[in-house]
Every structure is written in structure tokens, then in C-alpha cells.
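Handing you this structure, nothing more for now.
Order of writing sets the chain letters: A, B and C. Residues in each chain are counted from 1.
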Amino acid sequence: MEFFIISMLNGLSYGLLLFMLSSGLTLIFSMMGVLNFAHASFYMIGAYFGYTLSGWIGFWPALIVAPLLVGACGAVFERVTLRKVHPFGHVPELLVTFGLSYVVLELVQLVWGRTAVEFPPPEILRSSAFTLINHSVNGLSLVWGAAPAEMCSAADAAVRVVCSPFPATRGFMMLVALLMLVSLWLLLTRTRIGLVIQAALTHPEMVESLGHNVPRVFMLVFGAGTGLAGLAGVIGGSTFVTEPAMAATVGSVIFVVVVVGGMGSLSGAFLASLLIGVIQTFAVAIDYSFLTLAKDMGWALSAATQENSFAKLTLSQVAPILPYLFLVLILIFRPKGLLGTREG
Amino acid sequence: MSAYALELKDVRKNFGKTEIIRGVNLAVKAGERVAVIGPNGAGKSTLFNLISGRFGPTSGDILLNGQAIQHKTPYEINRMGLSRSFQITNIFPKLSVFENLRCAVLWSLGYKYTFFKFLSGLKDANDRTNELLEMIHLDKKRDVLAVNLTYAEQRALEIGVTIAGGSDVILLDEPTAGMSKSETSRFIQLIKEVTVGKTLLTVEHDMGVVFGLADKIAVVVYGEVIAFDTPDAVRANAKVQEAYLGSPVADSQAGGH
Amino acid sequence: MAAVYKFKPYNVGRWVIWSLFALVLVLAPLVFTSNLSVTMLAQMGIAIIACLSYNILLGQGGMLSFGHAVYTGLGSYMAIHALNAVSGGKLNIPVSLLPIVGGVAGMGFAVLLGWVTTRKSGTPFAMITLGVAELVFAMSLMFSEFFGGEAGVSGNRVAGEAFFGITYGPQIQVYYLIAVYTFVCVALMYAFTQTPLGRILNAVRDNPERVEFIGYNTQRVRYIAFIIAGFFAGIAGGLGALNFEIVTAEVVGAGRSGAYLLFTFLGGATFFFGPIIGAILMIIAFVLLSELTKAWLLYLGLVFLFMVMYAPGGIASLIMMNLRVAKFGKLRQIWTSYLGLGLTAIVMLAGAGAMIEMVYHLQLNSALGDTVKFMGATLNAKSLDSWFGSAFVMLTGLGLFELARRQFARDWGEIQTDIEKEIKRRETAV
């Protein structure tokens, strides 16, 4: 039971991280029609900036400064490069962000090296947010913070106690993601600039002829989107690992999220992020394969089937491909995406 | 074999909650030339989009030579003998004039998706393309890339691509849009020449063109056809006068505003 | 109507070009005789087929694929399994025909995966190719029987019966096999561009919506083109399996797909011969440039960015544009601008390169001391002087380059207007 709760929470936190990334991507795509191939690269820069800055000014200031720096980088890139390519169409825009992903990767390796760096979370987040204790006699109980050792073991051999901690970093991730989600929603629906953005989402020329500086709005949105990615990077980098490969690992997943959720749909991205986050987290932890399932169900299998490599595959081994399998299935059965409204 | 080349039966189209086409009934005989007129926003282009398959009606039937074509894809409808042109020139910019036309004849000559015959060896396709080039008077611009043509030349190419496949029913969406007076009259002559014997529907705003070209006029207002008759009858029709001028006119004023 | 003569001196030109191409393929290893050269030439042949097959999608069809390596890679895997079957006596196909096995495999996977992939176009299509590529790559780590796990699958190309005494043991024999396939495949792919489907594919690239209104199912066109591209990709993969005698998971990886995209675009997607240039550059970059400097991927990325911004037609389009300028006799006016551009670029790159080399030296070789040699000068990676010097050189170069670029743009613009006027003049004079 506690396994389910903790895994669910872990899955949701990973999904929310994915949403932090894919929301920026969706905003930029909806707004400017360009799919930012380098979005995960800004995530990576955020983590590295966070790493260096927290060494100089501490984690909490870095949490604020790093995303701002990343956003500034994004805005500069938009101004200098993307804007130049904009009149050529969407394919060159995609290509330019593709090239940027290479350049960013190489620059990061140039400055920080090719191996992972130690980016620890701040003191306060290093232990557990709470611990679930499953006592075979007393039932399920919750303890804030880390549970002391005595509570996790029982003197009596017949009593089984299992302690499942929920890391504080994960909890913090969820908190930041939710805060970001709420402020984004408030910004888009309640502020003037939000209204302008929403209008420019579908009718950029009209908005421009009304006197708004649409290129500036584009630059702002691109900067904001990449800044969000940077924020996700600081949190993701300190929770997981900060290394040059981090862009590639999460990069393809967020594209899957965006296509599965429906291109241009924020709510679709939210749904798809959570779905993929939860499914992947559960899958990684489950060691069941078709064979174990058959054994549990009492099915008799031939020797050939038992040797089959498909049958021997555990769900945890298959976990990495689940998002892509999902992508293929969605494309076959619901090409518009879960909540998609526009054709890409 | 239906009496009508094109029929619309109680066709309706809603976008969300907005009714754009509100029950259109129309029956066009083979060989008729129909001008579709009406105020801006009346739904004329939407009608064309419905007929040609760009999107499907919310309800109602569209029949081409007696066969239902509503909800069919554009290419299915084209293969059944209907072609359309576009108000905003819709050609293949990076192909030459010759290639543009040749692409448009390929399916009608049965070449489909073949990739083991050379284009240069397809005598019937090349002959037909040369024929079309002369018809639309662009034979001197044979190898010019479509994007480098003048506006009027591009419109001529647009017509060429539309009639290339030999469809019997042709829809022209504002073919003379953006042209000067002299260009327009030459263009109308071109349209008359290339659509001999075909059923023609054209959306037009220029009344001079309309009265010179059309056998019948369909007046579309607010998503409905309020009149479908000969030009003189339409001119005298009280409902039409009301729609255009606000109130019926006592005696028939000369048309062409 | 007077008889229309179709005197096409161009036809003679066509024979000349193809004969020259064949000649180059035959004579190249006799000019570049070192082992390294022959290895590189063999790889170039394979790359040419792969990049041309990629351009069926990108340049001819307007389909941006991030996962072309899936089809070359799976072709490689099938070919090497077939090779092992031949070695083991279970299959009786001559080794020379094994690349066709790769081609059929590539085609088969394209039939399967392409149906899902070509349901969309444009940006979603690109994302789907990425997803499918990741799927296949992730699966390669899961199914070790087919994919060979970490070590990959190896084979021995000296298998079966010798073909007129050719065993494919020596590299040079493999080169000539590749050369034959390269010539045939290039010819076939060129022929494809002259067929109805090839032309309609171009129309789909230019205006997919209009194609539907002239009777063609756009999705079907894309699907068939995808399959054809997959066939040639598989052939390239099969040749690769024979050439290297080992196939590892990276052949279906994102890095290789990215390389195809990068270099096909760099070579020029809008002309048929563009990807050939790109393929040659790809092998030179991977084999030679990577030895020269650790930062080669960075330089490559920057060059790519530059090309997308300023020369989206690639090197092929640059060549053609300059040929046009030369044809109108205007090359003399612009060569000084080119010189200025080139010199300032070199200065800028020298400064940037110096700094990059120093950083790499600090990271990787600091045990060997503080100095690093760069372009004949000795730089001290730990001294401020070297850093300031390099930065100064780079920034000056950057500034001068920008000035040169503006001047060049002015000159180029003038020449283009002159040429346009000349063309109009010739048209009306006729």
C-alpha cells in the first residue's frame, strides 16, 4: 500500500517536472509556431548555472537567479538567431534550434567537463518530507520528516515494519511546479500581458496592428519559456543528476508529451505529463514480466515460451520505451492527441 | 444519370455554435455557367469549400452527377470530376509553369503513383501540358518558376492547374481578384475559352463580369441562397434589391455597381 | 505550326557528367592510395547513398526526419545477420548481394513504421520520427538476440564462395563493391526525381493542400516516398555492415540521425548533388576533423547555425549562386569582398580556437603542463596574457567580420539586381 502511495507521489512529481518543461515548450510552440528543439538544453543550462551559482551565493538565491539568467540567454537567442530565420518558415526554425542543442551541449562540456557534477540540494531538503510506516500490527501511519531508526524495525521477529520515505526534494519539486502552474494560469487569464499573449497565440498580425510590439512579446515568451525550463533544471539537477546527458534523456520525453497531449494544448501537456510520469515511475519499480504473471495466474507455458526473450522481459526493463510506445499508440488511435485542438 | 451536374440539398454548416450556411438548396444543370454573388461574409467561399471537400457539411447532401460527395476527401471529389481554383493563388511556387501544369494532368491520365516511368517519355501528358500552356497564353513562360511570375500570370496558371485534369465541373473562387479593369476583361475572355462545355460556378464581385459571363446567378446572403435565376430576373428580384440596397427599387436601375 | 526542334545539347552534358562520376569512383583509390584514404573513400560511398536517401524526404518531399538512422541501422543489422547465416552455411546468397538484403529490410521497416509516421506532416512528423527513433534505440538495448547487446553483432565478410576470385577480404575490394552500389543507387535515385511520383512529391513539398485538389492523396505520396527512402537507406546500412564487419546499437542512435540531417542540410537539400557534398564532408569531419580538435562538434554546430541563417540552401546553393554570378561575368566585382570575408573569419576563428583549445587543455591535459601549441604559437593556458590575447584577437576578428559581411551583403545585393535587370533585358530582346 505504501509502495503505491510513494510511487504515485514520485510519479506525480516527475510528471510535474515534465510539465514544467513541456508547458514552456507548448507556450513557445503555440505562440510562435516553432518547436524549440533545444528546450531540454535550456533545462541543462539551468541545472549547471544553478550548480555554479549555488556554489557562490547559495542554493536559494541561485534558485531565483539561475532561471533569470537562462531566460535572458533564451531571449538573446531569439533576438539574434531565431528572429532572423522566422521568415524562412517553420522547418528552418526547427533546424536552428536543433543546431543550438548541439552547440549548447558542446559548450557545457567545454566549461564544466564531460562527467557529472555534484549539485546537492540545500540542507533543508536533504532528508525526507515524510515517512510512511507500515507496521504489520499497527497498520499504516505517517511521520513527518525522517523516521527514527527504532520506528523502522521491530524487536519482535513476527512483526514486519516497512518504512517508505518520501524525499523532500520531490515534495519541493511538486510544490514549485504547482506554484508555477497556478501563476502561469493567473498570468494568462488575469493580466493584460496575458491577454495579449493569448490573442497573439492565434492572431499575431492582428495584435501587431493593434499597436502591440509582437516581436517583443515573442522574445518575452521565448525568454519566459526557457526561463521555466531553467527553473526546472535547477530543481531537476539538484534532485536527480547534473550531467551533459541530462538534456538528451528528458528531451525526447517532453516531445512525446507534447505530441501525446495534443500540440498547442497546455491542458493536454499537463495530462500527458502526469500520465507519462506516473506510468514510467511505476513501471521502473515493477519487476513483473509475462512469465511471472503466468506463474501467478497458474498458467502452464511451454518450454519454448518460457525461453522467449519477450516473455522474460520485466516491466522495469521495458519502462524506457513506454513513452514512445504511447506515442505510437496515440498516433494510430487518436492522432490529434489527448486534448489537441490544432493541427501542428 | 441525374439531370443535374451539381446539387445541394439543405446543406448546413456550423462552426461551433455559429451557423454559416443555413440550409442551401441549389441545382445546377450540366453546362450551365453560374455566378455566385453576395455580400462579404455571406458564405460563398464556405460553400465552395464544402463542395470541393475541404471540410464537410454539418448536415445536408451534396451531389455530383447524382453521386453523394459530402464528407469525401478533396482528391476523391477531384477524381469524380470536380476541380476548383482558389481566391489566394495556390500553385507550386518552386516548380516551373510547365511542371505545375504537368502535375495537374498526371492523375487524370492515369499515371497515379508510378515511379518507374520517366516524365519526359509520357507523350500524352506532355502534349496535354503544351496544349494547356497555349490555352492560358503562358507558352513563353514555360520554364519560369511559378514564384517569379506576375500576379496576373499566376492567376492564369491557377486557372490552368484547375482545368488541367479535364474536370467537367469547375469552381472558380474570385478568379479576377486584384486585377485591373483591362486585365479583368482579358481574363474573362480566357475563362470563357477554357471552360467551353463545362459546368462553371464562379464567385464574383464585379457585376460587369457577372452579367457578361453567367447564364444564371445565385445570390447568397447570410448563408442562404435567396435567388437563383437568370441575370435579368435576379436584377429585378425584390429580395435581392433589399439585400444590396436596403429596400426594393421602384424601377430597375442598370446593374453593375 | 513549324516543327519544334528538341535539340538538347544538355543531353550530351548528361552523359559527360555521369561518365565523369563513374571515372572518379573508379580512379579515386588509385590517386589516394593510403589505407586511411581507401577506408574513407569506402565510407564516403556509403554516406552518399545514405544522405541521398535522406534527401528524398528532406529536400524533395519537405519532410524533416530526425530518425533516418533507424532505417540504415536496421538494414545493417539484417545484413549482418544474413552475413552470419551465409558464413554458417544456412543461407546461400552471394556476399555481393547482401546490401540488397539490407535494402529490403529498410524497406520493410519503412512499410511498418512509415504508416504511423506519415500520418502527420511538418513539425508533428518530425517529432514522430524522433519518438520512433528513440523507441528503436531503446529496444536495441532490450533485445540482445537481435541487437547483440553492448558488444553488437560481428561478422566476417569473407564468407561463402568467392566471386570471380573476389573474397572481400582486402578493403580495396570492398571499396569497389561500394563504388558499384553507389553508382547504381545514385543513378536510380536521380531517375526517381524524373518520374511522376518524384514530381508530385515536389508538389507536396511546395503546397500539400493543392495536391489534394489535383487528385492525389498527399499522405499516400509521402508514405510511398518514405518506403523508397527506406529501401536506399537499408542498402547503405547493408554496405556499412560489410565494410565494418560489426554493427552496434549506435547505428540506430540519435547521433547518427542527427549527422544525416546536419550534413545533408550542409551540403544542400535543394539540389540533387547537395547531399553528395554533404556526405563527403561528413566522413572528412568524422575521421579527420575529430582528430584535429576536440571541439569539432562545437564548430560543426556553429557552422550549421550559420548556414541555416545565411545560406539555407547549403553549399550546393552557394556554388550554384556563384556559378550564376560567374556566368554573368560579375565574379570579378565580388572576389575582393569574399577575400575580406575569408580573412576576417580566419582571424576571428583563430582567436576563438585559441581560447577553446586552452580550455580543453586545462580540462584534459593539465598534467602535461600549462602550455599548448596552437597554429604555431605557444600559449600558456594558465596565463592571463594568453587569454586576453586570444580574446582580443577573437573580438577584433568578430568586429571586422561584421564589417566585411555588411560590405559583402551590399556588393552581393548590387550584383543580384544587375543580374535581374540583365535577365529581363534578354527576355524582352528575344
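To be clear about the criterion, contacts are C-beta pairs under 8 Å (C-beta built on N, C-alpha and C of every residue); 3 or more make two chains touch, one makes a residue touch a chain.
As the structure is a prediction and not an experimental result, all values here were calculated from the model.
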Closest chain to the centre of mass proxy, which here is the mean CA position: C
Chain located farthest away, centre of chain B as origin (C-alpha): A
Between chain C and chain B, distance of the C-alpha-averaged centres to the nearest whole Å: 44
Distance between chain centroids, defined by C-alpha means - chain A, chain B (Å): 50
Cα-centroid distance, chain A relative to chain C, in whole angstrom: 33
Contacts with 2+ other chains: residues of chain A: none
Interfacial residue positions of chain C with respect to chain A in the complex: 62, 64, 116, 119-120, 122-124, 126-128, 130-132, 134-135, 138-139, 141-145, 254, 258, 261-262, 265, 295, 297-298, 300-302, 304-305, 308-309, 312, 356, 359-360, 363
Touch list for chain C against partner chain B, complex: 191-192, 194-200, 202-203, 205-207, 209-218, 220-221, 224, 228
Chain C-facing residues of chain B, complex: 52, 73-75, 78-79, 83-84, 86, 90-95, 99, 102-104, 106-108, 111-120, 122, 161, 164-165
List of chain A residues in touch with chain C within their complex: 29, 35, 81, 84-85, 88, 90-92, 94-96, 98-100, 102-103, 105-107, 110-111, 113, 248, 252, 255-256, 258-259, 263, 309, 313, 317-318, 320-321, 323-325, 327-328, 331-332, 335, 343-344
